[in-house]
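Two complexes follow with chain A in common, the first pairing it with chain B and the second with chain C.
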Partner chain A sequence: MTNQIVQGILLGGYYALIACGLSFMFSVMRIINLAHGSLAILSAFALWLLASRFHISPFLGLAIVLPLMAVIGWALQRFLLERSARGGALLPILTTFGLAIVIDNVLFEQFGADTRSLAPFIGSLSYDSWEWPGSIYVGKLAVIIFVTAVVLLGGLQLFLTRTGLGRSIRATSEDPDTAGLVGVDARRANALAAAIAMVTVGLAGAFLGMRATFDPYAGATQLLFAFEAAVIGGAGSLWGTLVGGIVLALAQTLGAKIHPQGFLIGGHVAFLIVLFIRLSTSGIGLRGLLHLPTGKTP
Partner chain B sequence: MSAASPVIERGTAASRIAGIGVIAIILLLALAPQFLSAGAVDRMTALFIYVILAAMWNALAGFGGLVSVGQQVFFGLGAYFAVRLANAGLNPFVSLFVSAVVVGAVSWPISLFMLRLRNGEFAIGMWVIAALTHLLVNLDRLIQGETGTSLISLNVYDASTRRLIIYWLALASMTALLAILFGLLRGSTGAAIRAIRDNEDAAASIGVRVTGTKRLLFVLAAFGIGVAGALWLATAITFQPKTYFSVQWTAYMIFMVLVGGIGTFEGAILGALLFFLIETWFGGTGVWYLIGLGATALVFSLLLPRGLWGTLEERFGWRLLSVGYRVRLPINASDTAGGTASPGQVSTSREKA
Partner chain C sequence: MSLLSVEDLVVRHGLLQAVRGVTFSIERGETLALVGANGAGKTTLLRAIAGAHQATSGRVVFDGADLSGVPSHERVRKGVALVPEGRRLFVQMTVEENLLLGRTAGRPGDWSVERVLETFPNLKPRRHAKAGHLSGGEQQATAIGRALMSNPDLLLLDEVSLGLSPLVVDRVYASLQGLISSGTTIVLVEQDLNRALSVSNKVICMLEGRVALAGDSKNVSRDEVTKAYFGLHRKAAGGVPA
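Right, the complex of A and B next:
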């Protein structure tokens, strides 16, 4: 039991990783990017391609793929989201949903329906583990993912609160017009935020590929995980995302224990329960479940 | 008619002709199986189902401002309950409609919960509901997981009778659902619906019951999509949860409404027709067809968010199935009476998608 809890917590690190980009973008631009999961899968496929064709280790491949993801994020904001956000709050949902369909099917066209994994390209890391007291075996990869998540969340928090660029992003998320008055370039801040979010997505995609399998249509599931973890974590700070990820993973672990097919059900049910509690305690006028008060200092 | 006061109209000459045209088309469609091949009858049935899906998603998103990416939940449940009810001994055709009523009833408690979410959160929250429902349906022994089952009891009817009955049921369902939606939009609820569509906060401030009206649209859309799912089951016979609970159905709905014209009554029908033609011509190209659909939706949302009908309507002042009111100012009334009114003179049906 302790073993499963430990594994659940570590898995929560992955969910936090995939969720933080989603809630970050929502906090800054008030957009839920429905192509979020598909972009993570895109990153995983890019790494897989580099590894299988050019024998570049996925960790080394990140040096190519992450900058690429940043460019994609920047372009996404500049050419798609910025334009569609002008048409109201509903249009970006449709735009990003269309984008998700395009990405999924282009990946399917290129790579076929086979499930892939990056595990064969990372040597023994995919199965190596440490023994902890109480004969608990924890995978080295799972620990690496968890630590990466913690470092990334902490780094993002520091970036937002301690640097000029971070402050300009926070100012834009609070009030783009007023930020513009004091000389913050809102377009630049938004594009930068999107680029950062896509780097986290790229990283999440890489870890998904290493710890599990993926196929061209796996994006939807990852999007749901990201959304659930972000909502469960709630509007605390970026650290809330980590808590959300862990709760989601533990609920899935519990679900799997109750019923062989209960893994996903457990996660969805936990999400709905948290949603129900938050909706019934917050009263009417709930705006932005995902919104992180980025202005809050740690 | 006093020359000093503005003239308020509920339609144009074109819309009155269109009204008669619609009745003629429906009568023609009812007789059409006499002249169509079996394959064509099946295709037409599919078209009717697409029109239902487009109209219902449009009712929700275009008029209620509720963009859902999880409407496949009601499509899947419509089919699932039909299988369940038929298995319990109900006549398969009757079970199709009882099933849709059950779907409508199920959507009520869901609405209590989900309608408090906004925009993207509602959209993706509905997706979670769809994913969860899919998993729960898989647990039903009768369905046997992803293997699925069939609406076996439909086999007592021979193939050609079955085809005709389903065709007429689909036509009747489509007509009835469109009529309900049309009546709703033209009536006093319609004014509330359009007020919410145009500005939710402003509507609430002048006393429009926003949540109640949205709930009505949500339940209607669930019921309609439930009908569509049950009818699809009747044509396909087999029920595999994966196919029915696929997000692809919502992708189709979004495509049809976005291309046709979100928030316009005619737009959804136009979109369904276009989708039907595109599917007929390019459906065989498999994955490229899907890429094309996604890309088209993407481009329309960026460049033509009002869709084809919305754009035409705005440019030429067209009204075929008019649900709103038109106010014609008396100045130069004789100049504009027969022609197209400029956007400034038409105070209704101006929307933001």
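Right, the complex of A and C next:
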């Protein structure tokens, strides 16, 4: 059981990493990016291309792919999301849904339906492990991913609270009109936030490719995990995202222990329980969410 | 050359014309009080000068430069700072963070967090408190301090006394008096007529989006302003009826 808890916590690091960008974009721009998973897969394919065609290690490839992802995030915000956000809250969701379909199909067109992995390009790191007391084996890659997630979340927290740019992003997320009145260029702050979010997506895609396999249509599953972790952790909270990732991973691990096919179900059940508690405590309730009459007489 | 010239400015809220052809100017170091009943267009006029509302027609010329089409954050860089009605602080951020945001424009000048805390001593013990947890007076002081941190050439103050107790208003105005004495150019929207006339060099009374009365504060009587305020003004000795 201890072994499964440890593995669950380490897997939670990956979920926190993939949820981080989703949560960040939602908290700053109030946009739910449904292309999140597909963009992570795009990053994984870019690294695979660099590794298989140009023999560039995925870790070195990050030096090329992450800036590229930042540019994609910036352009996405300036030319797509910003414009669609003017049409109301629903339009950006539909736009990113459409974007996900476009990315998935372009990847399919270019790379076919075969599953790929970055594992062959990182030597023995994908299966190497350390033995801890109590015959617990922890994967080196899993530890690297977890540490990266903690460092990234901590770094983002420091960036948002200790730097002028971070404060500008927080001010824009709280009140973009007033942010403009104190000298903050809200468009620039949003574009910068999107660029940062895409860097985290790129990193998550890289680690997904190293620890597992991926194909052009794997984005939807990654989006689901990111969404569940973000909601469990309280969308918009960085450290909450880490907690959400760990809770999701532990629930999946527990589900797998109960039943061989319980891995995904365990995560979904945890997500639904947390969602139900949040709705109950927020005063909205399921009836409110579904726009059902409350049954109260006036 | 005037520091600020507003020329035949028209601002709409949808179909409603909130500001109708307002023209006035203010010299460097002057304090202009904008008075008028609720809905007279004072706040809209101030927000249009700050760039928060786009003007339908007319011009805002600041320090010789036409600000038409210039977004609000660029206007802060040029030296225009607004303390908005209702304070509009970033409530999730601390007092210090709110003040530091005022530095975003990067204008050179003497204002620092320390100087703001000296100007508004009531903020000193609240430096690391979330803005949402402050009292009304502390919030107003933070909002004014945040605007000052951009080292503005022109400070626009929208109803700084709104919702505050008389004692707190006295304290805020005592701090403002220091700013006025130091030569800061101020346009002030104020409901309290006595206070508006006592701190300003010039006064403009607005009615239904237009300038109903304009003149030097010392030459305009309270009675004249009151008449203009309620639309009873016809012709007055001190002021210039519009």
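Throughout what follows, the second predicted complex is superposed on the first by the 281 of 298 C-alpha atoms of A that agree within 3 Å, B and C clash if a C-alpha of one lies under 4 Å from a C-alpha of the other, contacts with A are read in each partner's own complex, and residues count from 1 in each chain.
As a working rule, a residue touches a chain if its C-beta (ideal position, glycine included) is under 8 Å from a C-beta of that chain, and two chains touch if they have at least 3 such contacts.
Remember, it's a predicted structure, so these values are computed and weren't measured experimentally.
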item	value
Contacts of A:L80 with chain B and chain C, given as first, second, both or neither	first
Partner chain in contact with A:V138 - chain B first, chain C second, else both or neither	neither
First (chain B), second (chain C), both or neither touched by A:A171	second
Residue contacts with chain A in the superposition, chain B compared against chain C	B
Touched partner set for A:G183, first chain B, second chain C, both or neither	second
Partner chain(s) touched by A:I93 [first = chain B, second = chain C, both, neither]	first
Touching residues (chain side chain A, partner chain C) in the complex	161, 164, 167-168, 170-171, 174-175, 177-186
Residues of chain C touching chain A in the complex	50-52, 71-73, 76-77, 81-82, 84, 88, 90-93, 97, 100-106, 146-147, 150
Sites on chain A touched by chain B in the complex	26, 31-32, 34, 80, 83-84, 87-95, 97-102, 104-106, 108-109, 220-221, 223-224, 227-228, 231, 259, 261, 264-265, 268-269, 271-272, 275-276, 279, 284, 286-290
Chain B to chain A touching residues, read off their complex	61, 65, 67, 69, 113, 116-121, 123-125, 127-128, 131-132, 135-136, 138-139, 247, 251, 254, 258, 287-288, 290-291, 293-299, 301-302, 305, 352-353
